[in-house]
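Same chain, two partners: chain A is paired with chain B first, then with chain C.
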Partner chain A sequence: MNIFNKLIFIIFGVCLCATTQAKINVFTCEPEWADLVRMLGGDHVKVYSATTAYQDPHRIEARPSLIAKVRRADLVVCTGAELEIGWLPMLQRQAGNSRIQRGQPGYFEAASFVERMEIPEKIDRSQGDIHAFGNPHVHLDPRRIIKIAEQLSFRLQQLGAEHSDYFKQQYTVFKTKWLDNIKQWEQSAMPLKGKKIVTHHRDFIYLFDWLGIQSAGELEPKPGLPPSPGHLSRLKQSIKQDPAIAIIYTPYQDTRPAEWLSRETGIPHIQIPYTVGGSDNANDLKGMFTETIYALLKAMQ
Partner chain B sequence: MNIESLDLSILGPAFITGCIVLLTHVPLGREVLKRNIIFIDLALAQIAALGIVVAHVLQLEAHGWLTQVIAITSALSGAVILNWTEKHWPNVQEALIGVSFILAATGGLLLLAHNPHGGERMRELLAGQILWTSWNQILITAITSALLLAAWYGLRHGTGHLRFYLVFAIAVTMSVQLVGVYLVFASLIIPALATRKYSETKSTLIGYTIGAMGYIMGLVASAVFDLPTGPMITWLLAMTALIFYFTPSRRINTH
Partner chain C sequence: MSTRNTLFVLFILLGIPSVSQADSNTPGKTANPKISIILDGQLNQYSRDPENYALPGFPLSGEAGLSDEGFALGDNELILSGDIDNKFYGNVSIGMHQHEGDVEFDLEEAYIEAVALGNGFTAKAGRFFSGIGYLNEIHEHAWDFTDAPLIYRGLFGDHLRDEGVQLRWVAPTDQFIQLGLEVGRGDTFPAGGAANDGLGTAALFIKTGGDIGRSHSWQIGLSHWSADVEGRTGGDHDHGGATEIPTFTGDSHFSGIDFIWKWAPNGNSIRTNFKIQAEYFQRREQGNIEMVGSSPLETSTYDGKQGGWYLQGVYQFIPRWRVGLRYDRLSSRNNGSDVSVLDEAGLVSQGHKPERVSLMLDYSRSEFSRFRIQFNRDESRPTADNQLLLQYIMSIGSHSAHKF
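Moving on to the complex of A and B:
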């Protein structure tokens, strides 16, 4: 295999140097960060996302290509706050790439740059899948995305110093457009304010925090645990007394508990993109937010 | 196609892990087939997994060795019980093994009912994460496997059943945490099945070859087609064995 490797290296080596060497190789854990890196890095980054919207970022199947991609990465962008604790540390160890280890400029933990909700006062395992660093699903708040984008742009400027002006420019353009988008989204989502929604997992709290939506509970009895009969029937009682406008879940979650609750209560159940690629219209971050708000408004009618 | 994944430093540790697992599992698999207790590895692996779950529930993972002690003790107790049942109810041994398997599996589910990472842990034990094995784990497993092989071949004329069950329990407890239940089953049964008509030494040697070929091709296929490694190796092990079994030259050799 060594000879084979060398052969490949000789064949592709030249073109690699000519084309991709100048680009920053970025490995992202989730598709939302891949899109953000593409927006901020433009022509000077090459991005690969380890998971798609149809995969649960909490867990992943080990494939040799993942190790190979991390080995060649100049920058690893993940959510952090223990979301990928089940696989990322092993991937980093196995890849043996010193540039992307924790604490290095090549390791970027998005959640560490924003204020997180639900940081537990004490860690008690009986509470379910509680993350010591708070709820990690920060990408569903576009205001937090701006803060993360700013830091990510700094990081790109640091790693690709020869293009730092370009990266600065990209961020400025992004920020202007994004602030406009936020205004529009907030405007159209006005009717959702104060409304109640049931979720499968506690993965929409940042969206709710932003739009002033209230959580009417989760299908999971505790974070990470599958819905149990007792919990579902209690949930059914509580939302019968105090109706929610929708029961929502992500593309990778089991639809059956939501369908059951929807049948029992008459409240519509809808799949929300959750991240980039989660529906046909959610092919970038902007599309994802537009689609999410559109879907929730539609459920109210 | 993912040529960049064809890297010896990525696939190498996984291949060595596979070879170490094969080292004990090929001869043990022959014995399993001979005794007609095919599902014993599933049962013992699941009982070992139950031990790991118990350690998890008792929050003992911080002490890695304690988890191992509990897992091996569980598998050994399972082995002792199954050894006893083989003596007293030999006719229904396979059925009892089946029942132990489902009890261990569902016991794990009950214990993990309130544990959010339980599902992942159970799935990991089934499909395995052979790519994540570290050199440390490989070293420990290699040493233990060498000791087990010595016990297996060294004590041949000593105690019969119990020796088999004890060696088997330790081997499976170890390998299941490295490569998962599916690959343990495949490494045990598939080479033994393909070479069952040969004399013991020949069968073991050919079994090793088939096993090693299956692991190499499975790893390469997993890298090239970008598919999960454990399941891919399982399939290529089966294919290698099939091709070997139906190759005409084999028939000439046997006569």
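Moving on to the complex of A and C:
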């Protein structure tokens, strides 16, 4: 009995020890959350991003390598709001990991912690691939990122309770710097206020909402439908009457519709990083916002 | 008839409350269960009579064969799925097929899945498509060609499906390694008779896969299936009014290997992507065949060996447009004490090795709609059949899953 107790104690001790030593294993659906987790988790997290800036986060398959990663994750951080509806639920069902199921502390859905725009009155596919939970591309508003960061920090403190002071500290440092950044970005982006921009998809609305930019339409006739010649020529007419400063698209979108419209109208077309890794300078969230504003200002000249 | 009634009840139980939920359209909420409807229509032309379709050397199930000639309904399907609670997931799919003028309902899958077991384990119970092979788990409307590979048609009757349980385990490694074990009832083709008190089949599969750089991903699988078969019927023959039904009793087992490789530049499949897939299966059967309905009763011993493979490639060359090429090849060697019995059971190939070449082109307007044209030069039978298949596949309702 005595030996048995000792054994239990040793096993328990080893397990406890193992968890204290180990870093929190984080799987993120998109690279923006990977960077945020790195900033907030520092030395105590190990992060893997399922996608890069060159992949459409809506169109990923639940491929074997991702199942293997989710199998071992302690925390899954995704945008949510149905952005990953085609593949994340499948990964959760395939991986055999109880920690990261919906409703568990190991599942974090960023968009659920902020107010979303464009929540539809009703779901009607004739309006394109729209989502019941609103537009999911929330990471392009740095004010919303703060709210998400706060929640994410709470989650790290909960999962890695032994380092909760460290995580709190990381968040405080992040917040101070980030508020400074927002001030600088808002100042430099002043000239963009009220300007019109054409986008490929409705994926920049949170950026526009933040900086007071107006949308001059999308290259897609409906969300999720590829640009069609008829729609592009109508768009050409409308932006000729009411000029836009730029036609923008992400690194994973087809460049040809934007190039065509740019040739026809003389309005510059620009690839915007959209997320971390989307250009050479956008190697973190801060770089991504700086680069985005810089590129848009350049288009105005 | 009774299946039909049960299904009507199912519609009433599940359909009506969910429709009213969908109508209310509360912002920010989606209906539970998730409902999706697949609409699939075809126009098929064959140069030979589809009624005489056969795969010499392979005992065909009643289901297997060519779709109706002319306008025909394909795999129309109602799928209901959702989380049952925080531990279980449930899925029901009901196929609606046209067969000789009648609409038939078919409970394609009805299973529950325990997803929160932890340590890499997942368990499934109910009726489901077996995890063997690559294509088997995928519903027809998500296939890249309109019809099943010949080896799937010949060995499984298009799909290997059973009632039972499945246990899967994913290894805690960076390399994806999955083991799966199934025990099934064994009442339906290619098993039969629900042997061993309704525990007639067992299956085992292992899959491994991963990425190579950002642009490539792959998976290889090995599978094995075995069954005690008690009275499997199939390939019935009419002999001037008296129907004689070849009925097999004995052991059946098969092994297979499947491979898939996908390429998309930087992992971005929007503009162009390519995939290649191949599967090979070999089946061995030993036992007896009786011609039920013959008098005096004709019987034969039966020692069968049937196998085959397909290889296919699908290339998206511009957004929305894909082309595909597929090659099928089968062969068999069946022996028995009475060759005439084997012949009536469709098991004599006389050296014919069925093969088929298929070419397809499809266009997807959105993620939810697809049109396809496919041409087959089908040498299932000794003389070639030229087949032209036109198809639409559309989906309404909740978003489909992007399976690898």
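We take it that the second predicted complex is superposed on the first by the 278 of 301 C-alpha atoms of A that agree within 3 Å, B and C clash if a C-alpha of one lies under 4 Å from a C-alpha of the other, contacts with A are read in each partner's own complex, and residues count from 1 in each chain.
Just so we're on the same page, a residue touches a chain if its C-beta (ideal position, glycine included) is under 8 Å from a C-beta of that chain, and two chains touch if they have at least 3 such contacts.
Computed from a predicted structure; not experimentally measured.
Student: A:224 in the overlay: touching chain B, chain C, both, or neither? Say first, second, both or neither.
Tutor: In the superposition, A:224 contacts both chain B and chain C.
Student: Is A:59 touching anything from chain B or chain C once the two structures are fitted on A? First, second, both or neither.
Tutor: both
Student: Per the contact definition in the header, classify A:186: touching chain B only (first), chain C only (second), both, or neither.
Tutor: After superposing on A, A:186 lies clear of both chain B and chain C.
Student: Any idea whether chain B or chain C touches more of chain A?
Tutor: Counting contacted residues of chain A, the larger count belongs to C.
Student: Looking at the overlay, does A:209 come into contact with chain B only (first), chain C only (second), both, or neither?
Tutor: Neither partner.
Student: Taking the stated contact definition, name every residue in chain A that is touched by chain B in one complex and by chain C in the other, in rising order.
Tutor: After superposing on chain A, chain A residues 59, 61-65, 67-69, 71-72, 86, 90, 93-94, 96, 125, 128-129, 224-226 contact both chain B and chain C.
Student: Name, in rising order, each residue of chain B that touches chain A in their complex.
Tutor: 2-11, 59, 113-117, 119-120, 123, 127, 129-132, 134, 219, 222-223, 226-229
Student: Can you name the residues of chain A that touch chain B in the complex?
Tutor: 1-2, 4-5, 8, 58-59, 61-65, 67-69, 71-72, 86, 90, 93-94, 96, 125-126, 128-129, 222-226, 228
Student: Okay, in this complex, where on chain C does chain A touch?
Tutor: Listed in rising order, the residues of chain C that touch chain A are 25, 27-30, 83, 86, 89, 113, 115-122, 168-178, 207-211, 214, 217-219, 262, 266-271, 319-320, 365-368, 396, 399-404.
Student: Which of the residues in chain A end up touching chain C in this complex?
Tutor: 51-52, 54-56, 59-65, 67-69, 71-72, 82, 85-87, 89-90, 92-99, 101-103, 119-123, 125, 128-129, 132-134, 224-226, 252-254
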